[in-house]
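Two complexes are shown next, each including chain A; its partner changes from chain B in the first to chain C in the second.
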Partner chain A sequence: MININVKCFSQVKYALGKDELNLELEVGATTLDLEKIIREKANGKLDSVSLRIALNQKYIPHETELKDRDEVAFIPPVQGG
Partner chain B sequence: MILTPKELNDQKSEFTVIDIRPGEQRNEFPVDGLETVVVTEKDINTISGKKVLICQFGIVTERVILNNNLEDAYSLLGGVQAWMEFQSDQSDLSRWSRQTVLPEIGIEGQKKLMNATVAIVGMGGLGCPAAQSLMSAGVGKLKLIDGDIVELSNLHRQPLFGVDDINRLKVEVAKDRLEQLNKNAVIESTVEYFNKENGMNIIEGADVTIDATDNIQTRQLIDRFSKEANVPMVYGGLFRYEGQVAVLNVNGSPGYSDLFPDPPSGGETCEDAGVLGMLPGIIGNIQALETIKLIVGIEQNLIGKLLIYDGLNHQSEIIQL
Partner chain C sequence: MIKIEIINGPIEFFRNEDSRQKDGAELIFNGRVRVTENGENITALEYEQYKGMAEAELTQLAEETCKKFPIHDLFCKHRIGRVDVGETSLHVVIWSKHRKEGLEAMTWFISELKKRVPIWKWAILEDGSRIPSECAHG
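What follows is the complex of A and B.
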């Protein structure tokens, strides 16, 4: 198993009610597997929200295998002004 | 009491000018166009009549006057640095002396700001504080665009507007207020929403574009024109207590389309999600700060990075794009 620290921003934070989560995943789990878990935990509240993923403070455009103690941030678009 | 270089120049004959700088500094930066006397701090009171104290940046002299309770004594605003600039081209930069004293800004940086043009798309919660700070910092020209009018619900987060401005056009009220901050600045206002037709005209020719819109569609359009015109875009966005800032499209650096490839969905506007006025104030000011850094050329910046600031726990995260 691997331990992953998840940082939640804007709608993700409100959907999950937490700034941060610590999750245990199977070895070989990817960023997309983690995104599925996060969306399931949100009980539909993130269904219409696009999410970008940063792995260890760096954006990653493609599915990437996670390693033990990785930090993953889920970042939705925000509007403004 | 404070005297600007121009005031001193006009009334030179009425004052004894006292140079309180250490000898080393006096030799390195001599003063042209003023007859000065050199006196130590404890002996200043021995000189009678009206006097002006000068130091390098006009900061030490203010303290000396206060500490010694000096009468009839003035501090030269901006010090020798501002005086020499005034001597060379009659431009009085002393009002910016508190920022020109910063080595990263200096007189050269101030001149860059005064020659710069910044386009601000949207004159709402982000646009108001950004415009206000840039105007105060001495940016020479602002291009403002917004087709909206001032509403009562805007006032808690849009500090350029007051109750008497309700139903007036935002860019017109903003222009009136901003002109009071710097009479020499040029403010060009466009009473339209930013769109495909007017977009290029707003962005082209600007040194930086600030994205202060409240919706993703307009942001994508700014991104497109910003890339086409090769004008950097300083993005700002908000969600409740959280804000995002990124500096995009700087000579091919990542743009908004790299940050959120289209069509992103799910963001809510401040009207939908709610916001405290301080949040756009903080984020709009960070956008203004990044704009200043781009113009002056300060290397520590948010080019190719996304800053996420959380106003609840005051934590921030910087993501490399």
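What follows is the complex of A and C.
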């Protein structure tokens, strides 16, 4: 098993009611597997929200296998300025 | 040269410099909090950042802007935390030889900031409730 820290912001935080989650996943789990888990936990509240993925504080364009102690954030549309 | 700051508290504007002799254009942009957000009256916005990544992305964006456009310097301060209506949330200054490249650089920098820097707004409504803003920028 691997331990993953998920940081929650904006609509993800609002939907889950948490700043972060610590999840235990099977070895070989990917960012897409994790996104499915997060969307399920949100009970439909994120269905219309597009999410980009940041792995260890960098955007990643493709599904990526997770490693133990990775930090993942599902980034809803940003709104700086 | 670039300067990037993410600040929790009022923004102190960058100081005017009269010593610059190569720059004919000094562009200043201040983004301020409007009284309405998605058609609802608000008292403030609360800006949330992904600490670490927000500053890294903003720094990288400023560096890209300085490479993409022939400008000399780009300074930027972005506020996080509560920002009351009317207050400045974003302060950008660009110096360039001529205005054209400075204006283009400013437009591109702010457009990209709104696409990729992990900062979000929570609307503080008049009844005190706090919800994620649904305001999306192109």
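Convention: the second predicted complex is superposed on the first by the 77 of 81 C-alpha atoms of A that agree within 3 Å, B and C clash if a C-alpha of one lies under 4 Å from a C-alpha of the other, contacts with A are read in each partner's own complex, and residues count from 1 in each chain.
Throughout what follows, contacts are C-beta pairs under 8 Å (C-beta built on N, C-alpha and C of every residue); 3 or more make two chains touch, one makes a residue touch a chain.
Predicted model, so just to flag it, every value in this text is computed and none were measured.
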Comparing chain B against chain C, which has contacts with more of the residues in chain A? B
Let me test your reading of the model: by the given contact rule, A:29 touches which partner, first (chain B), second (chain C), both or neither? neither
Looking at A:7, would you say it contacts chain B, chain C, both, or neither? Reply first, second, both or neither. both
One more residue to check, A:38. First (chain B), second (chain C), both or neither? neither
Chain B/chain C common contact set on chain A: 7, 9-11, 13-14, 54, 57-59, 73, 75-81
Which residues of chain A touch chain B in the complex? 7, 9-11, 13-14, 19, 46, 48-50, 52, 54, 57-59, 73, 75-81
Residue numbers of chain C touching chain A in their complex, please. 31, 47-48, 50, 52-54, 56, 78, 89-90, 110, 113-122, 131-133, 135-137
The answer for chain B against chain A in the complex is residues 122, 124-127, 212-216, 236-240, 242-244, 258-260, 264-270, 273, 280, 283, 306, 308, 310, 313, 317-321
Mind pulling up the chain A residues that touch chain C in the complex? 7, 9-11, 13-14, 54, 57-59, 73, 75-81
